[in-house]
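Chain naming follows the written order as A, B, C, D, E and F, and within any one chain the residues start at number 1.
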Amino acid sequence: MNNKRVVVFRKEHFNAAHRLNNPLWTIEENKKIFGRCNNEHYHGHNYELIVQVTGEIDPETGYVIDMKILSNLIEIEILNRFDHKNLNLDTVEFKNINPTAENIAVVIYDLLRNKLNASLELKIRLYETERNFVEYPA
Amino acid sequence: MNNKRVVVFRKEHFNAAHRLNNPLWTIEENKKIFGRCNNEHYHGHNYELIVQVTGEIDPETGYVIDMKILSNLIEIEILNRFDHKNLNLDTVEFKNINPTAENIAVVIYDLLRNKLNASLELKIRLYETERNFVEYPA
Amino acid sequence: MNNKRVVVFRKEHFNAAHRLNNPLWTIEENKKIFGRCNNEHYHGHNYELIVQVTGEIDPETGYVIDMKILSNLIEIEILNRFDHKNLNLDTVEFKNINPTAENIAVVIYDLLRNKLNASLELKIRLYETERNFVEYPA
Amino acid sequence: MNNKRVVVFRKEHFNAAHRLNNPLWTIEENKKIFGRCNNEHYHGHNYELIVQVTGEIDPETGYVIDMKILSNLIEIEILNRFDHKNLNLDTVEFKNINPTAENIAVVIYDLLRNKLNASLELKIRLYETERNFVEYPA
Amino acid sequence: MNNKRVVVFRKEHFNAAHRLNNPLWTIEENKKIFGRCNNEHYHGHNYELIVQVTGEIDPETGYVIDMKILSNLIEIEILNRFDHKNLNLDTVEFKNINPTAENIAVVIYDLLRNKLNASLELKIRLYETERNFVEYPA
Amino acid sequence: MNNKRVVVFRKEHFNAAHRLNNPLWTIEENKKIFGRCNNEHYHGHNYELIVQVTGEIDPETGYVIDMKILSNLIEIEILNRFDHKNLNLDTVEFKNINPTAENIAVVIYDLLRNKLNASLELKIRLYETERNFVEYPA
């Protein structure tokens, strides 16, 4: 008999500053498209991050993945990198990528995907505010 | 290389009165099936609406869709139509459709589907209360 | 030694329709002051109610008041009266009182105050929406 | 024309004690893997349960399933069985199954699946804490 | 000029098992008063704890109290003592005190009061569930 | 007869970048006290703001204060000033004041106090994160 496949979710958060800007555009184009999010001195968010891992229940532990291990992995790979940082200035990941919620979710996915066993599926949900959030992959 | 597909979510809310009733049934049948929700003088809810749009990240903006545009669209098509309204009496959409959460979600989907680019997938989640909610399409 | 004084809180909710209107004003005055809340066909809310009772811990039970008793009291006095009702049409309490959040809180306070032991202090918090709420007495 | 397929969700909760333990392991192995969750005297949680049912809208009622019926079913099958219980000691379901969130979700799924019409799809989401939750089936 | 007095709040949580019981009563009396909370094998909760400290803003730091210091204090004094524990069996504090939310709040207050500078006022809010919570002192 | 005194609350939010720093201290002292919050490139938050106004119910409207008027006042005085801004660089208010949650609450209080009728009491609650928040005046 196959083991049951279950999705497990771990919620973490980090606080960061960012600015939306396309360096190939003029100042006016950036202001028009990104509005207040283009503020040259940055603004910030409390990002809520939900990491979703799908796999089979291990019959010995009853776990898909030990939440302590998953939580530690998120801390090392994501929170230490982005928490209390300016995403545009303090990180290599967003040197050439606009730190929209969409792009941040893709970057987080790629960072965690490299560290997770290939047998586990991964999905990222990221809340920029309570009312604006994204999920990747679709 | 294809662009990444991401789901974006926008949360809005509206407050409305409604009454569940099937005009083809007797008063007794309506009371039996719909209970307190059949109250002839209506009751009401704070509806929480989450509009979910799936598409590719635009490499120039980093957006699937500009949240300000999506928020404005929801305001024009949904909130202006239903907020602070009596769904049964004040709207054409529910003249002949029972305003259950299921049917409201389908109506909202149809209204927004007409206005969104065909390349974008759409899904509606509607909270009637914190404990009762629906999603369409399945 | 005196027993410790503690505040206990019980959260309940009810869904109701209402309309804000002052019958002594003209239609235009009502529209100007109450805006969309004056809609003649009513709108509605999920009201979140927090009943706050302050008193001494009973050394035998460790309770200020048994939450099951408090919850039953709220159900009988408040929920049965207002849940799934039209506050303007279906209740005697708001026949001559405008059902603003402020006035609803005062009415709920008076209904519960009559039923609670005089040694217990009472306060009502009422959420009309997540963003608009009131407390009585001040 | 086919009826629309909609997902409906009902949120309930129960409070229970549990302990994670594999009887085939030594005390040291259990402590190493399950950490504080292995505490021999148990600890506990407020479990938030979201039951998700997918089916066609009934054109007569506008419902996929009457939420009162679904809520009663959850009360009878799940809450009466697990609420205010010690999952390890007071239930037959977890006599030989480790009560991880993953396994609890599978058990709840199986209990409800037996009672729901075969035409309805079922999914269970279970929050052990606000930050740790699971979904079954994947 | 006096410094401004501000209240600061820090939210933490712990998970614990407990049982309500008065050893001076008969089994029947305990069942009658405490109902399901008297279950001899315990049940449990995710306790949400809000520690509220009032004092003057330090003009050098802009803080009433450094939240990292307050958070560490709560971890050492409260979480290490009660998290993932059986309050009745694993703690000295509730050997002879019934672990109602009221009594837990008083115990937490006394533990923290001893460690905080006397110039700071302290208040404890404890959520046993989302719907039942207490505050001490009144 | 006196009119009833009620507290009304309005919740708003703004997103901002900030940095904690005391210019009279060395770099090392700032790092020691403010830790990651001292990051020279700023970080940010979704600030949740609850404005609490206490006064008598106006017998004509049933309002303490019209929530639309209060919401507009908060938008003009607070959100337009701080939303999507860098508090340290983009505002005159925090040119010489460290933007801790405590100090932000005092500044918001002072800005709104000037605009509110003197008969109304005012209190500010500000959430920097879900777990760290402040209230002023105490």
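Keep this in mind: a residue touches a chain if its C-beta (ideal position, glycine included) is under 8 Å from a C-beta of that chain, and two chains touch if they have at least 3 such contacts.
Please read all numbers here as calculations on a predicted model, not as lab measurements.
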* Neighbouring chains common to chain C and chain E, by label -> F
* **Minimal step count in the chain contact network, chain A to chain F** => 1
* Turning angle required so that chain B lies on chain C, C-alpha fit (0 to 180°, nearest 5) -> 180
* Asked: From chain A, which chain is the farthest off, judged by mean CA positions?
  -> C
* Interface composition of copies chain B and chain D: same or different, split at half -> different
* Among the chains, which one keeps its Cα centre farthest from the Cα centre of chain F? -> D
* Just curious, how far off is chain F from chain E if you go by their C-alpha centres, in Å? -> 28
* To do: Between chain C and chain D, tell me the centre distance in angstrom, where each centre is the average of that chain's C-alpha atoms.
  => 34
* Check each residue of chain B and list the ones that touch at least two other chains. => 130
* Asked: Line, ring, star, complete or other: which one describes how these chains touch?
  -> other
* Interchain contacts, given as pairs of chains that touch -> A-B, A-D, A-F, B-C, B-D, C-E, C-F, D-E, E-F
* Asked: Okay, in this complex, where on chain E does chain C touch?
  -> 20, 22, 24, 33-35, 97-103, 105-106, 130-138
* **chain C residues within the chain E interface of the complex** => 4-12, 54, 57, 60-64, 66-68, 121
* Asked: What does chain F use to touch chain A in their complex?
  -> 13, 15-18, 36-37, 39, 41-46, 83-86, 89-90, 129-130
